[in-house]
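Note that the chains are named A, B, C, D, E and F in the order they appear, and that numbering of residues resets to 1 at the start of each chain.
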Amino acid sequence: MKQETRDRLAKVSTATLCTALFKRGLRHQFIQEVRPLNPGLANMVGPAFTLRYIPAREDLNPITVFQDRGHPQRQAVERCPPGAVLVIDSRKDARAASAGSILVSRLMVRGVAGIVTDGGFRDSPEIARLAIPAYHHRPSAPTNLTLHQAVDIDVPIGCGDVAVFPGDVVVGDAEGVVVVPAHLADEIAAEATEMTAFEDFVTEEVLKGRSILGLYPPTDEQARADFASWRQARGR
Amino acid sequence: MKQETRDRLAKVSTATLCTALFKRGLRHQFIQEVRPLNPGLANMVGPAFTLRYIPAREDLNPITVFQDRGHPQRQAVERCPPGAVLVIDSRKDARAASAGSILVSRLMVRGVAGIVTDGGFRDSPEIARLAIPAYHHRPSAPTNLTLHQAVDIDVPIGCGDVAVFPGDVVVGDAEGVVVVPAHLADEIAAEATEMTAFEDFVTEEVLKGRSILGLYPPTDEQARADFASWRQARGR
Amino acid sequence: MKQETRDRLAKVSTATLCTALFKRGLRHQFIQEVRPLNPGLANMVGPAFTLRYIPAREDLNPITVFQDRGHPQRQAVERCPPGAVLVIDSRKDARAASAGSILVSRLMVRGVAGIVTDGGFRDSPEIARLAIPAYHHRPSAPTNLTLHQAVDIDVPIGCGDVAVFPGDVVVGDAEGVVVVPAHLADEIAAEATEMTAFEDFVTEEVLKGRSILGLYPPTDEQARADFASWRQARGR
Amino acid sequence: MKQETRDRLAKVSTATLCTALFKRGLRHQFIQEVRPLNPGLANMVGPAFTLRYIPAREDLNPITVFQDRGHPQRQAVERCPPGAVLVIDSRKDARAASAGSILVSRLMVRGVAGIVTDGGFRDSPEIARLAIPAYHHRPSAPTNLTLHQAVDIDVPIGCGDVAVFPGDVVVGDAEGVVVVPAHLADEIAAEATEMTAFEDFVTEEVLKGRSILGLYPPTDEQARADFASWRQARGR
Amino acid sequence: MKQETRDRLAKVSTATLCTALFKRGLRHQFIQEVRPLNPGLANMVGPAFTLRYIPAREDLNPITVFQDRGHPQRQAVERCPPGAVLVIDSRKDARAASAGSILVSRLMVRGVAGIVTDGGFRDSPEIARLAIPAYHHRPSAPTNLTLHQAVDIDVPIGCGDVAVFPGDVVVGDAEGVVVVPAHLADEIAAEATEMTAFEDFVTEEVLKGRSILGLYPPTDEQARADFASWRQARGR
Amino acid sequence: MKQETRDRLAKVSTATLCTALFKRGLRHQFIQEVRPLNPGLANMVGPAFTLRYIPAREDLNPITVFQDRGHPQRQAVERCPPGAVLVIDSRKDARAASAGSILVSRLMVRGVAGIVTDGGFRDSPEIARLAIPAYHHRPSAPTNLTLHQAVDIDVPIGCGDVAVFPGDVVVGDAEGVVVVPAHLADEIAAEATEMTAFEDFVTEEVLKGRSILGLYPPTDEQARADFASWRQARGR
């Protein structure tokens, strides 16, 4: 992805991005029921690299499976490109973990931009202290082998009721995670940047006591003029 | 509502209020599955002003609907009386937002006492920093038009499985939100104030090592006598 | 339980314990959907003492029932042994409280090691400030009489989809709660202590930039040798 | 509504109607999680007449409330126009009944075209034997006063996650219920009639052994020609 | 229980019983989410005999446990008294069976009046053909050892969110199952018999075209007079 | 698969198969929450051929996508081998259809052994009349494009919380569907056949009045001897 797009997406909210997507008829791009473990970090931005889990069958998932260097979960952790976001399809099942702090640490050290699962992480208190954005549904101590078996890397998946294709641009903030289709990333980033300037202007006006009617959206000519002045004054 | 009642309700807990309501046969007045975004604030207290959403039909809810100054959501934000609590029936559906930080800021500036939805707010990190109590189920970035259409203002609604009639007294603390029927507000406020004094006394005794048997409830004469002395000493 | 076992369990995570249990074919020992109210405390460790609730029938549960000193809920609070963990079967129903701050305070003063419910606590902000580990699903202000009736003390129960037998060893950390069958507690504590040393070693290596392949699990001879040196250097 | 439209809608399936609505961007018009009690009847067709329930507050809902002839539930039953469909917003809560066999019998005798709730009916075995189409989530014996309080007649509501406006055309078959916006009813009825002819043709062909590729949809010229012949032969 | 009470309860509906219980403040006596496997049978009536399951721990539940004649599940089947109803607390978890056709057949042969679980039965097609009323949530083929461990016989339990005490009178019809507290069984049976006569009268009138206003409830003098004549004519 | 195995599996129940799998440590092979549309048919037996859906993104799923002969859903219908069972991963989401009667008819004509989805079928009344076993969660009229996008054919999937690998043997009866790992199919079929003979014997004995103690399981020598005689007499 373009650096300019990455920079822009680092400064807008998932809420604003959802609205920009809504305008294009995309209503289901916000990953449902996930939250950040470390909400104080900057936005997570990067193209999606995916990992797909299916239910674990007991005979195929003894603790020894990880002795295989080719196990898809471990391969995903070593192969997810720096700057990308690892997105895991855990079938919205958080009764066992999707991954733990050691794997997330390895991703961080490798320069991966973030990790998202629609299940849960184990070692969640440790992950919450790492400097890599991580999103899940809830903490879950049981090893992933209890319920999840990794079968595919970098295929289209579902995550939290959202379609995620490899290369889609994933953005996370303190509210949650939105998936921007790859071909729209540049234009959505630009539009959301514009929208953010306007929302910042409106917020200032509202906090000064102005009514939202005519201002948000700016159906009054005065509102549009004031915004133009504000942008000029702020250099935005 | 009476100022005395408002003052009293500002100093009691939703748990105590639930017990006072339970004694009158009212078992379902605690709004289920909502939590405060800004739990450090003082109690939220005020009469309910309501907003009702139904599912959004796509053709009726393009982004342009907000250009209509008469849109019920925007009207609710401008018309909710200062001192009141805006309670939104979002059908317990948090997959899209009920409102965002700009509208909540406007409510705050207008002197509204708080806002409650059984769905979710967008811009939740910003709302968490505002000085107006706000309660929801979970953060939700998608615009409300994705799933919600505002249709009514100040009618009886359901919110989190509780019946909310306009004018009912809504109280929120760090635990959640309780709805006190309007005609009971004064007596419930008085009774809860008495109960709180007793609970404070019991807590002190328990922390000193006293058994709860005979003390809570005060079936021992000694417990009742000790409470009388405690009240006198404390001037409560 | 042995003091050595208690000490060891105080220093390992629920995630590590789940893996040790998984190796023995026990896949369902992590209590689902509970979280700590006071995650900053040290691990909760102690044998289970149980309390069983059934749905409350209205005529049997007026507010006056607590005037009976023999009420099972109150008896449980007074009889749970110091050092034990009170585990409550609330049928995963958090619509009304399992207990409140006064009872939890009494447990704390009596030296009880912690309290767990698969429902919710009332007065949760107060409980969050107590120095006794407490775990629940979510805050819930309504009195327990609304939905729960205590019927049994110290019988086998289900809690969060886990079988809990009196005397099983219950361990909680900032992630959640795991139930270790009584007869396995010593060996699991020993094994988890070993595993924790290895995980600490791996974490250090990973943060230094080492790949997880061959290291975690240590299929490379070098990894095993490095761990041996690490242990010697650390005295673990 | 036009008789021609009513006649057409009596002969098409809810599945076909959903597809016609999907083509117009309407994706959420099928009432979720309701089923017919009497699936052997002909299609239910009629404009929506609505009834809105909120949660029942105990003090407002003693058994005596029905002595009030003006009670909205009873009024709805007497005022729903012949040929219309009574649609009830029960907030997807089937733990208590939305109505029972006596009220449904009265609707039948009055010539009402059908009844739908996203809750449950009581006396469901009796209703299943009546000659009026009825749809609900599941049988539910408790009186509606237990959980539901009727507050509004003929306002926009949600039912099974669908927006229902008074006058929308409601169609039910053995599969479920779809809501057609009033302004689209005529064109959707016409289009669905055409689609049904084509689907009947395709079904015959498929049962004769023909591949769906090129036939469904008819991307092969031959498929379109065969359909034209089929229509002529059948007079459709 | 009295034979007269049993006979009366055999002829009234669970809906009518729920209303009679509602009048006494008992709102939660209908077992939620269970349905009859064999709805064509006569009413199920009998005192409750209970069986309590907790989650199965893998090491305690190999297939060999049933070699123990004292296993509580098997004991319950042999000890449930003729004329009683076996009610099983399966924690509303139907992912594994509560029992299968062989055990249900044994209960039938022993003269037990029925069986209820808030989980699921295996061999459900066979059970549906037996002449003993059986109620469950949904069919479930996995052996009960997969998820359930029987621990108690004839203790108070929860079943489908209802408190069930041994000896409570359990009544099932084609709609579902209601639990009548033991001490109320006689008076509820008598009252429900009266109510049923009135409802039968009302149904006849409604089917003849009479309005429900003034008739149901009979606030019109004429309605009460007509009912008196009807009873006399029918000998009820 | 071997014809002998297919024949044997046609005559045993999913319940018996679940028990045989349980004995081998496989506890999660019963597809949760699906039911047969046409329960009167003989057992469904065949190797799994899979189809994987992810959430539908609006811009990729207009009604025109089916004009592409290579669309994975249509390809799956034409390529699923005769004798195989088409198993669809619909992420347990029945809000839109997985397929409709035309596609299921085509599968039937092609000799496919059955179809399973953990979502829902549209045209379910028509499918219920076809002579091909079909299993789903509930009827669902909306076209699959509303929520589902087919992306993969014949890869490992999850269906109703069960891992399904291509070639696993899928068996369905009136109760539901079980997945037998391919390498175990022959031995499980043989063992289940033996178990079925014993269960038939036990059922006969129980219906004659014999106690289950000592008989089921046959811990009494007499029970084992009686079974031996029974087999000889029946030629089983």
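In this text, a residue touches a chain if its C-beta (ideal position, glycine included) is under 8 Å from a C-beta of that chain, and two chains touch if they have at least 3 such contacts.
Please read all numbers here as calculations on a predicted model, not as lab measurements.
Trainee: By label order, what chains touch subunit A and subunit E together?
Mentor: C, F
Trainee: Out of B-C, C-E or D-E, find the interface that copies A-F, where copy means more than half of the contact pairs are identical.
Mentor: C-E
Trainee: Compare the two sides of the subunit D and subunit E interface and say whether they are made mostly of the same residue numbers, over half shared, or of different ones.
Mentor: Since fewer than half of the residue numbers are used by both chains, the interface counts as different.
Trainee: Taking each chain's centre as the mean of its C-alpha atoms, give the chain farthest from subunit C.
Mentor: Result for max centroid distance from subunit C is chain D.
Trainee: With a Cα-based fit, what is the angle in degrees between subunit B and its identical partner subunit C, given to the nearest 5?
Mentor: Subunit B sits rotated relative to subunit C by 120 degrees.
Trainee: Roughly how many whole angstrom separate the Cα centroids of subunit B and subunit D?
Mentor: 37
Trainee: For subunit A versus subunit C, what separation do you get between their C-alpha means, in angstrom?
Mentor: 31
Trainee: Taking each chain's centre as its mean C-alpha position, how far apart are subunit C and subunit D in Å?
Mentor: 49
Trainee: Could you list which residues of subunit C touch at least two other chains?
Mentor: 25, 27
Trainee: Mind giving me all the chain pairs that touch?
Mentor: Applying the touch rule to all chain pairs gives A-B, A-C, A-F, B-C, B-D, C-E, D-E, D-F, E-F.
Trainee: Residues of subunit F touching subunit A in their complex?
Mentor: 24-29, 54-60, 91, 93, 149, 151-152, 155-158, 161-164, 181
Trainee: State the interface residues of subunit C toward subunit A in the complex, per the touch definition above.
Mentor: 13-15, 17-19, 22-23, 27, 30, 32-33, 35, 39, 173-176, 178, 199, 202-203, 206-207, 209, 211-214, 216-217, 219
Trainee: Please output the residues of subunit E touching subunit F within their complex, sorted ascending.
Mentor: 63, 66-67, 69, 74, 77-78, 95, 97, 100-103, 105-106, 109, 122-125, 138-143, 145-146
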